[in-house]
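Mind looking over this structure? Questions follow.
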Amino acid sequence: MTSQNPIFIPGPTNIPEALRKAVDMPTIDHRSPVFGRMLHPALEGVKQVLKTRDAQVFLFPSTGTGGWETAITNTLSPGDKVLAARNGMFSHRWIDMCQRHGLDVDFVETPWGEGIPADRFQDILTADKGHQIRVVLATHNETATGVVSDIAAVRRALDAAGHPALLFVDGVSSIGSMDFRMDDWGVDIAVTGSQKGFMLPPGLAILGFSAKAMAAVESARLPRTFFDIRDMATGYARNGYPYTPPVGLINGLNHACDRLLSEGLENVFARHRRIAGGVRAAVAAWGLELCAVRPDLYSDSVSAIRVPEGFDANRIVSHALDTYDMAFGTGLGEVAGKVFRIGHLGSLTDAMALSGIAVAEMTMADLGLNVRLGSGVAAAQEHYRQSTTALRKAA
Amino acid sequence: MTSQNPIFIPGPTNIPEALRKAVDMPTIDHRSPVFGRMLHPALEGVKQVLKTRDAQVFLFPSTGTGGWETAITNTLSPGDKVLAARNGMFSHRWIDMCQRHGLDVDFVETPWGEGIPADRFQDILTADKGHQIRVVLATHNETATGVVSDIAAVRRALDAAGHPALLFVDGVSSIGSMDFRMDDWGVDIAVTGSQKGFMLPPGLAILGFSAKAMAAVESARLPRTFFDIRDMATGYARNGYPYTPPVGLINGLNHACDRLLSEGLENVFARHRRIAGGVRAAVAAWGLELCAVRPDLYSDSVSAIRVPEGFDANRIVSHALDTYDMAFGTGLGEVAGKVFRIGHLGSLTDAMALSGIAVAEMTMADLGLNVRLGSGVAAAQEHYRQSTTALRKAA
Amino acid sequence: MTSQNPIFIPGPTNIPEALRKAVDMPTIDHRSPVFGRMLHPALEGVKQVLKTRDAQVFLFPSTGTGGWETAITNTLSPGDKVLAARNGMFSHRWIDMCQRHGLDVDFVETPWGEGIPADRFQDILTADKGHQIRVVLATHNETATGVVSDIAAVRRALDAAGHPALLFVDGVSSIGSMDFRMDDWGVDIAVTGSQKGFMLPPGLAILGFSAKAMAAVESARLPRTFFDIRDMATGYARNGYPYTPPVGLINGLNHACDRLLSEGLENVFARHRRIAGGVRAAVAAWGLELCAVRPDLYSDSVSAIRVPEGFDANRIVSHALDTYDMAFGTGLGEVAGKVFRIGHLGSLTDAMALSGIAVAEMTMADLGLNVRLGSGVAAAQEHYRQSTTALRKAA
Amino acid sequence: MTSQNPIFIPGPTNIPEALRKAVDMPTIDHRSPVFGRMLHPALEGVKQVLKTRDAQVFLFPSTGTGGWETAITNTLSPGDKVLAARNGMFSHRWIDMCQRHGLDVDFVETPWGEGIPADRFQDILTADKGHQIRVVLATHNETATGVVSDIAAVRRALDAAGHPALLFVDGVSSIGSMDFRMDDWGVDIAVTGSQKGFMLPPGLAILGFSAKAMAAVESARLPRTFFDIRDMATGYARNGYPYTPPVGLINGLNHACDRLLSEGLENVFARHRRIAGGVRAAVAAWGLELCAVRPDLYSDSVSAIRVPEGFDANRIVSHALDTYDMAFGTGLGEVAGKVFRIGHLGSLTDAMALSGIAVAEMTMADLGLNVRLGSGVAAAQEHYRQSTTALRKAA
């Protein structure tokens, strides 16, 4: 039994009707030309969403985690050194994966709620005279904390240090929702999935590889077969796949890119910022604070909201689900119990966002938190009304 | 392009996922036994929803309007006299249909916002010593005004007058949402459609005929073929139809009845009352009034809300659609421009209802009405929180 | 539980995937402009399929039978005289409907298997000096016998007689499958449904009214409300409907017209002729005969196949369903038990047609008829191979 | 644009309507209890399909290839020795994967068309006194050649040699279609996917791990994170996943298992054997031979059909697709151009199978092969008729 309510987890997102229909296909022969006519436009669409001219795009029947593994196993060898910051659950997990694959991870412990410390990176990279560091890992949007980091600043750190390391970016919860510029920022591998900004069901890892990343593939000695991009590239060149492709999701991705690109990426980002702004206005009206410590770190795809000291934030998520059949996200890792999360990425309307805010509000009131009914909703309404007017004036 | 928002028109309603899937079928042979295995449980389910033991149920590929025509053409002859009240657009239209079919309609003009005047009916019926009146028409729920009438009182009026007229009830926007008792109330023909309480797409007129109504069929001289229940009854007896049946809708109806009956009709009605209560709390918080003039007339499936004198209520409906992509109902007929309507029938959650209330609120504020943002939402939240608690205590 | 096999009843047809998705819509506000953006292109598309420039198109939530009733009740008055031929079940039923509506039907008994006797019509019309005959009814394709009649010849009969009667054509199982020319043939009302050539689920009566038919509406005294085209026309002018429209079917019709028109109507007809040709080749190979008595009467949408004297044709239909889960049509009325029917209208491929032929063959062999396995299939294969080659040469 | 024809590639299969609907879900919160209520029954269902009491089942968002990688990376370390036979494309690819992961593969070159040489395995295992061989890889059904191997014989070889090696079986194109007995045959890891016997879209690798295989996990030093079954097991214990689960496919798998188990596995296998028998009868009637060299090697899920010397089998596949819009499988690897393949696994009816046979027949005739139209169809019809009768007698 499924709910009629929208969901407010930070992905997978609410799937628009047209995309559900694009994914729900009868079986086709994936070795026939029909498949190529879905695959290549999807690859091309992803390139545009990544804002890259020359990167090669790969689509694996997998998830963002599989995307990370694709990135490291195709470019690195056991013992290779990578630099990362640990500022949330997802950066933590990527670091853990590197360690399990025998890489030497130099990671900067960073408070959860902070972004990637580009200045610290610059110091470390500058100090690495021998260029032992092969890759810098960066989590663009920390889904656990609702923090967006400045990838351009990480690129500047690399450049300032004159360091040749590759730059790998986890854009799982940013790409398609917030500005992402693969070429401008000199990103070598971008990783995302189908179930966030692309608004599809989970099941696809989506990657872009720069020419520099491609050049690293032949010498990489980490074993891989399923995730080997060489087999994938060979397949694509023949309009095929090295194994059975997830045809419905690829058809869906093709339609999702069309949808994002015809709306216009900048409009998509503005829409996310606008919806997120309403949620943030509600949080302020409730007298609560975000986990993200500064406005320039606020994510437009997910807000992690700190609850008062001593209150277990998980109760909010359980109560909302049990009483109002509405799904929010719990806190993960170091912020477990301290925050709850409202996901606001993908295709959301004002009305949907207001329903989430209204339920969060009722839930907190039910649980005895000092939140006035209607207060967050009113703040969000005010925000949406003003921004609607602004949009109309601009249009 | 369809909206992701729930709709708040007073039907067709939001269609639950499982019912959409039940309707969306590949073609079957409607002359094979498979069809009978959908049809008969659907007929049986409708009987239970109508609360009748012995009535015969008919399903026409049509609408509620077709249902009215089925009722009159199968039981009446040109010149026959019928009694009705005109207290809203839908009672008005039924009267108009009778006149166009050459019936002699004695109708009681009743203020829009009032219910059926059972006492006036009793006087008229008592005065009709010769029993010229063949049928009393009653609109159970006036969708135009959000007024539910007391059908039991109409029955009592008939009984008190010792009058043998048939009682036909338009339950299009009540059946499946509000209590309806075909047998207890002595209803001879009940009319509804697929797209309201049954939560399906439009396309079915659904009727119950009492034994007394069935007895009137042979002598009825109004011409009919498509709507002739005799052909339909003959078809059902052979697991078939007199023409091509709307198989998907009938399959959907079968599932819809299962859904209503497993929830329990009384629970379904309580749920509608609860959701409606939140809308009414919001209306009160906005300082507005319902078109229905007394609480016992308040409909649990639709609220018609009066706007301040001099303000055009249609602007609310247009602005909500244009600015927030949300559909409310306009006023019809005598209350056009004076009311807007919030439909709250079918499968609605608290969160969905709150999103409708929040958007109505923003819309009114946008248009300069003296409505405080968050005020209606807070009143509805309070209502839903209390009733949720009450439900939990009862469970 | 639905079958994975295609169906071979003469409608409803197999629904193409894209049309199922077009029909399966979430609820929209049918009073919003979105509805008009589906409705008007659908009306325009139907006009093109009917090959008419000026007719008005009407879409009723009903069936072909409702379409007939719309035709007669909007144009005729009790006692009016109509001329028809009775050469199959569907012409029979239309005559019956006229009689039940108090019309005076002059009908020509015609052998089932024959077409409309245009020469007899000419005699009768010529003899009707007083122009008492108001309407000539013609069933373009008799679904019961698989006979297509020559409507142009009926028009010539009217013209030769200098008779002003209106010409109403039941094109339920021809329009969208076989050539139909409303304007060229001087058809005044064309009637069809959603579930045949338009490949949609049942639920729509589709009609075209010529200017001459429209002119007859005001004086027509048969009572009608649900089927009154004046209310419908008023609704369309406001982008709406006089009652709740079947939105999903109208959206589907819009897509269906696009599909037919982009394929090109002449190509659609050629495709039907080609598929039908394979079925007819199989029938010949089995040593059986069609009910249609001459090749120029052969329908391209359905074949009624005579079984040997003394054999009950219904056994073929039952056995195919029970043993091979495949649906064929039984014989109706005068040819019940004497024919079985293979429907071949809508979207069918060679492979689908061959599967139907193969199962019909097995079934007849199972039941002891003298039919050699593979014989009909081979004949159809030969036909399809040659016509594929021919199409390729033409393209 | 999708075809209305069934497909005859050896997977993905034609998806039954009910399974398409089970997969096509709105987004749910995969961290809520709803997910556990799909996951655990799916895991339990797979156990029953694998015929295992104690194995642990794992479901990865991946493919069969990912399943192989899961098997080897969770149990082996670089340099470990494995034994395999190379008798088709899929056994070849698994061997290749092992080599790319640094394993030492001892493989027996086996003619394509032959099964796994269990006697040779026994010799090799017996000779391996030091038990260097850690794993025996066995491809149950070689999809490339249509050869089913005798896994029980491989188990007997291990037992006769008294060898402790693990037995890993690729059952991608057998499980759910042909008899597979994980416990009886002492299989340590069974690998399959969603898109074959389970009749779902691609996107799931499905594995069973015996207790002995589980015991090997801790010491395995091949790096893995995405495919690490320990993270997966931890997730399942909490009703969750280590990353975003493919919810729709898991829901679909749950329904697919229900479907297979309510039909009864032995009935499912008999059904596949029966359908395959018809295809094989057709092949014989065409005067052609299977790639599988002996009847006991004939696969019930796919037939690879040898074409006459000098004829390019790929032409059949291209022509069928281009001319008749029907998908067959090409030959792969060593039998490329020498065979074409008819997949007959999943949910197929007699009628569907006959349509594939009919089109294959037309295609070969079109290309000048000496194949009489109707000959293969007649042979298959005869087979289906007899087996239908047999089934009826048995029932």
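When the chains are written out, they are named A, B, C and D in that same order, and each has its own residue count from 1.
In this section, a residue touches a chain if its C-beta (ideal position, glycine included) is under 8 Å from a C-beta of that chain, and two chains touch if they have at least 3 such contacts.
Remember, it's a predicted structure, so these values are computed and weren't measured experimentally.
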Minimum number of chain-to-chain contact steps, subunit A to subunit C: 1
Which of A-D and C-D has more C-beta contact pairs: A-D
Identity of the chain that, by mean CA position, is farthest from subunit D: B
Whole-Å gap separating subunit B and subunit D, where each centre is the average of the chain's CA atoms: 54
For subunit C paired with subunit D, centre-to-centre distance based on mean C-alpha positions, whole Å: 46
Centre-to-centre distance between subunit D and subunit A (centres being mean Cα positions), rounded to whole Å: 35
Sites on subunit D at which at least two other chains make contact: 1-3, 14, 17, 25-26
Residues on subunit B engaged by subunit D in the complex (per definition of touch): 17, 21, 25-26
Residue numbers on subunit A that touch subunit D, as the complex places them: 1-3, 7, 9, 11-15, 20, 23-32, 34, 61-66, 68-69, 78, 96-97, 100-102, 193, 195, 201-203, 222-228, 242-249, 321, 327, 329-330
Subunit C-facing residues of subunit D, complex: 1-6, 14, 16-18, 323-326, 347-352, 354-356, 358-359, 361-362, 365-366, 372-375, 377-378, 381-382, 384-385, 388
